[in-house]
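Each structure below appears as structure tokens.
Below are two complexes that have chain A in common, paired first with chain B and then with chain C.
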Partner chain A sequence: MRLEIGEIIIDDVQFGNSTKVENGTLFVNADEIKSIVLEDEHISSVDIDLAKPGESIRITPVKDVIEPRVKVSGNGGIFPGIINKVDTVGTGRTNVLKGCAVVTCGKIVGFQEGIIDMTGPGAKYTPFSKLNNIVLVIKPKEGLKQYDYEHATRMAGLKIATYLGEATKEVTPDTVIPYETKSLFEQADLYPDLPKVAYVYMLQTQGLMHDTYVYGVDAKKIVPTLLYPTEIMDGAILSGNCVSACDKNTTYHHLNNPIIKNLYEKDGKEINFMGVIITNENVYLADKERSSNFTAKLSRYLGLDGVIISQEGFGNPDTDLIMNCKKIEDEGIKTVIVTDEYAGRDGSSQSLADADPKADAVVTGGNANQLIHLPPMEKIIGMLDYVDKIAGSFDGSLSEDGSIVAELQVITGATNELGFNKLSAKTY
Partner chain B sequence: MNSYILITNNPMVKKNLIEKDIFFTNKSLLGVLIECRNHIHKGHKLLSHPLSSSVKPNETPFKSVLISKSASNLDYRSLEIIESSILSTKKFISNAPQPKWPDKILDDFMLIDYSVISNTIDSIK
Partner chain C sequence: MKKVKVVHYINQFFAGIGGEEKANITPELREGIVGPGMALKAALGENAEIVATIICGDSYFNENLEKATNEIIDMVKSLEVDMFIAGPAFNAGRYGTACGSICKSVQETLNIPVLTGMYIENPGADLYKKDIYILSTTNNAAGMRKAVPAMAKFALKLMNNEEIGSPEDEGYLERGIRVNYFNEKNGAERAIDMLIKKLKGEPFKTEYPMPVFDNVTPGEAIIDLSNAKIALVTSGGIVPKGNPDRIESSSASKYGKYSIEGINDLTEDAYETAHGGYDPCYANQDADRVLPVDVLRDLESEGMIGSLHNYFYSTVGNGTSVKNSKAYSRSIAKELHSDGVDAVILTST
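Now for the complex of A and B:
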């Protein structure tokens, strides 16, 4: 499967009479966006705002971040099984508006949905402060249940990202990057002397506000299976995960998974990148046994020498992470796990809620318990009334001047467990 | 007949999951986990993860955990998971105690816990 990613570099976003790209500026027609969002009868109103790098803006509570993409050629459409038909994607050409994103906000529940600061110390911890953001603040119809509100907000973000991609489909990309994974035997023959490496991609799947979708299927109902990496770049995996801002994978993270990108960079040089095994993080322990048996079995079946495993979330997924690691190691396959840490404010406590001696190669995305001081911003997009109800903040977090003292876990993407951030630690 | 016992301090779970084998307690989240550990010491097996959901144990006051109805020899893996969950919970509480939440937020926490445990029970059935 071969996919070309055509990157259209966006270095500014402005409101305009029509949605288009001119000289690196994305113009967006707010009326059209509004009418698309309000097609959903569950939504009473939407405020559309722009937030650019360096501006004194705080966005909260953030639910999802989505990169606009469009399929220019090849099978199917972006976000298959949700926005487009459930065709197999991952081939042909996909154009990306690189440097901008759609951000959805809504107080679906009264706690913990994340902060993006566009400047100041908080901005350093989130990759989304570097983007030109089109922010949708979505308000529900009176009495709408949390399940329906979450669904409506998720769909609004996906629809607007698709709309922006479609509206700029004819723009010539600034760069085109090819990615290719061949069929199993062909790929194995391509670099027979290099170690065969795959990626075990753990998806958050625990229930309301903790869900992930694969081709439209709720991933808690899958058994682990294989995907071509390029399918993921076309939106085969979507986030319905609104809890734990710092280490949830937004849809933007899935589309731009840095582990996949890095494995492709090393493909044919240091390793032979064989593909992606997706798996879930259910709560029922028998489901964990089954899923980790499958990841180990598939790793063996593919004849792998090494596996990278990433997790999403805290606590319950730590057990899946360790089970995957241990069982794959037991097959004689080397593993590296990618996680973050809840190691206490001073970083000295046990980082994960599970452990095994075989988990001896670990990449960390940082300590989510670390305290951070966020100075006030001139403008708030969204609502601040729940900031002291966000994960990692506490009574009195929000001062009268608008400043916040809280743990790093308040910031969207701060300790992302795909490594899509700047934090880590090195042991020498 | 169910093959499990549901240990919970969540009133929404008690109200909506009409279970014959529900063990309801008014204790804290940590109290629920300790109750699970007591059962595990008596030979019950853990069926669902005690640190379910990404909501941290110093945030949500509510927790529902499934254990086996039958009891036999001590299951060391269950003990290992419940002990590390208790340790983890104590770590979070020592970082910052649970805030005093308004009713609206308590309802949200109940709903999240209820959703997670309902999905888990569906997996068992």
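Now for the complex of A and C:
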């Protein structure tokens, strides 16, 4: 499977009469966005706002972040099984509006949404402070159940990202990057002397709105399976999560998975990148056992020498992470795990809820319990009324002047476990 | 600039009083420098002055811990110094534990910076490296010439309240505290670099060495439930409506203790969850789903269990550190024990 990613660099976003890209500026028609969002009868209103890097803006409560993409050629459309038909994606050409994102906001659960600061100390911790964001603050019809609210907000974000992508289908990309993974035997033959490496991609599926979707399927109902890496770049995996903001994978993270990107960079040079094994993080022990048995079995089946395993979330999924690591190591396959830490505010506690000596190669996205002081911003997009209750905050987190003292946990993407950020932790 | 006043603690051997036969001498305060204090004074330079030296026998200190500690603290207090430096103790075991122990006590009671130095395998290192800064030294006094300037440099940093870098940069023994920093590479690149090294059999460094997990052995089974007093404890965040103790939705800094005397059912009007790690909808509708008071009351009236304890304990497990969890469980267990509770049903989410 071969996919070309055509990057259209966006360095500014503005409201305009029609949605288009001109000289690196994305113009968006707010009325059209509004009418698309309000097609959903569950939504009573939507406020559309822009937030650019360096502006004194705080966005909260953030649910998801989505990068606009469009399929220019090849099979199917973006977000198969949800927005487009459930065709197999991952081939041909996909255009990407690089440097911008759709951010959806709404107090769906209240304490499971996050904060994005566009400037100041908080901005350093979230990759989304570097993007030109089109923010949708979505209000539900009265009495709407939170599950329906989550669904409506998720769909609104995906629809608008798709709409923005579509409108720029004809634009010539600034760069085109090809990615290719061949069929199993061809791929193995391509670099017979290099170690065969795959990626075990754990998806948050604890349920009750801790959900991830694969081609439209709720991933807690899958058994671990194989994907071509390029399928993921076309939106085969997307987030339906309302969970602690710092280490949930937004749809933007899935589309731009840095482990996949970096494995491709080393492919044919130091490793032979064989593909992606997706698995879940269900809460029942039998599911955990079955899924980790499957990842180990598939790793052996593919004849792998090494795998990278990434986690999503913390606590309960730590057990899935360690089970995957242990069982794959037991197959004689080398592992590196990517996680984050909950070492307490003073950093002196042990960081994970499960551990095993076989997990001897760990990459950490940092200690999510570390406190951060976020100074007031001139403008709030969304609302502050839940700040004292977001996971990672506490009574008194929000001061009268609008400043916030809370754990890094409140910041969207701060301790991402796909290795998206440069943040790490060491022992002092 | 005001000269910083330092007091130096050493044992009988380094004071030149004697070896093992003099290890029982009681704490003694001498003005100015003694023994290794000479080198320390030179290394500290212009900005700090060792005003006095406290000498104590290693056996005396370790065998009369409380008394010796109090005596020494009184001495330090009377000197009104700005910093306390002990050792270095190299690999001398009792000297190392004395240096570590007295540094910790001085830091806690007098709230001034403290510093000692010792070899990583000194038993005092393991005991006290979490509480205080211990400069890493060689295993014998031949390393004095290197150890003293390093200690002086680090002591000046502590005195001036400068930012302390990592153990690698500063030369102190790891204290087990996780500190965030920005690496040059993102996590994905680091993971792949690490995997390539691991595949090649080259040395690599994990970013988080696995902790040693303690497994709790379950208590003995209760043979006769009909006389047993059962308590409910949860990490699922069930609290009286309004969350009176403001238990955090994640990383809880406390637990709550709530009376359920005369309550047979946790209703939607009176109870809710404070937990931020799961969809609270079902727990808020009926908190018995997380904390089964209704079922236990039934069992109580059926005579299946002796009684349900009149209080339940609740915290939020979401993102709460193991260290805090351990502290809460210790304190809860103590109370349950003194209230005559025979068994506990622990519910999570």
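Methods note: the second predicted complex is superposed on the first by the 423 of 428 C-alpha atoms of A that agree within 3 Å, B and C clash if a C-alpha of one lies under 4 Å from a C-alpha of the other, contacts with A are read in each partner's own complex, and residues count from 1 in each chain.
Here, a contact is a pair of C-beta atoms (placed from the backbone, for glycine too) under 8 Å apart; a residue touches a chain by one contact, two chains touch by 3 or more.
As the structure is a computational prediction, the values presented were derived from the model and not from experiment.
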Given the superposition on chain A, are chain B and chain C in a clash or a fit? clash
Just checking: does A:94 make contact with chain B only, chain C only, both, or neither of them? Give me first, second, both or neither. neither
Output check: A:350 vs chain B and chain C. Expected answer is one of first, second, both, neither. What do you get? both
Where does A:206 make contact in the superposed view: on chain B (first), on chain C (second), on both, or on neither? both
Looking at A:286, would you say it contacts chain B, chain C, both, or neither? Reply first, second, both or neither. first
With both complexes superposed on chain A, which partner does A:311 reach: first (chain B), second (chain C), both or neither? neither
Applying the document's definition of touch, where does A:319 land relative to chain B and chain C: first, second, both, or neither? first
After the superposition on A, what does A:295 contact: first (chain B), second (chain C), both or neither? neither
Which of the two partners, first being chain B and second being chain C, lies in contact with A:19: first, second, both, or neither? neither
Does chain A have more residues touched by chain B or by chain C? C
Taking the superposition as given, does A:243 touch the first partner, chain B, the second, chain C, both, or neither? both
From the superposed pair, tell me which chain A residues show up as contacts to chain B and also as contacts to chain C. 109, 111-112, 146, 206, 208-210, 243-244, 314-315, 342, 344-345, 349-350, 353-355, 369, 389, 391-392, 394-395, 407, 409
Flag every residue of chain A that touches chain C in the complex, lowest number first. 109, 111-112, 124, 146, 195, 197, 206, 208-210, 242-244, 258-259, 261-263, 266, 270-271, 305-308, 314-315, 334-336, 338-339, 341-357, 359-370, 389-395, 407-409, 416-428
Of all residues in chain A, which touch chain B in the complex? 109-112, 146, 204, 206-210, 220, 241, 243-244, 247-248, 282-288, 313-316, 318-319, 342, 344-345, 349-350, 353-355, 369, 388-389, 391-392, 394-395, 407, 409
Interfacial residue positions of chain B with respect to chain A in the complex: 46-49, 51-57, 59, 66, 81, 84-85, 87-88, 91-92, 94-96, 99-102, 104-105, 108-109, 111-112, 115-120, 123-124
The residues of chain C that touch chain A in their complex are 130, 164, 166-167, 174-192, 194-196, 198-199, 204, 206-213, 246, 248-251, 253, 276-282, 317-324
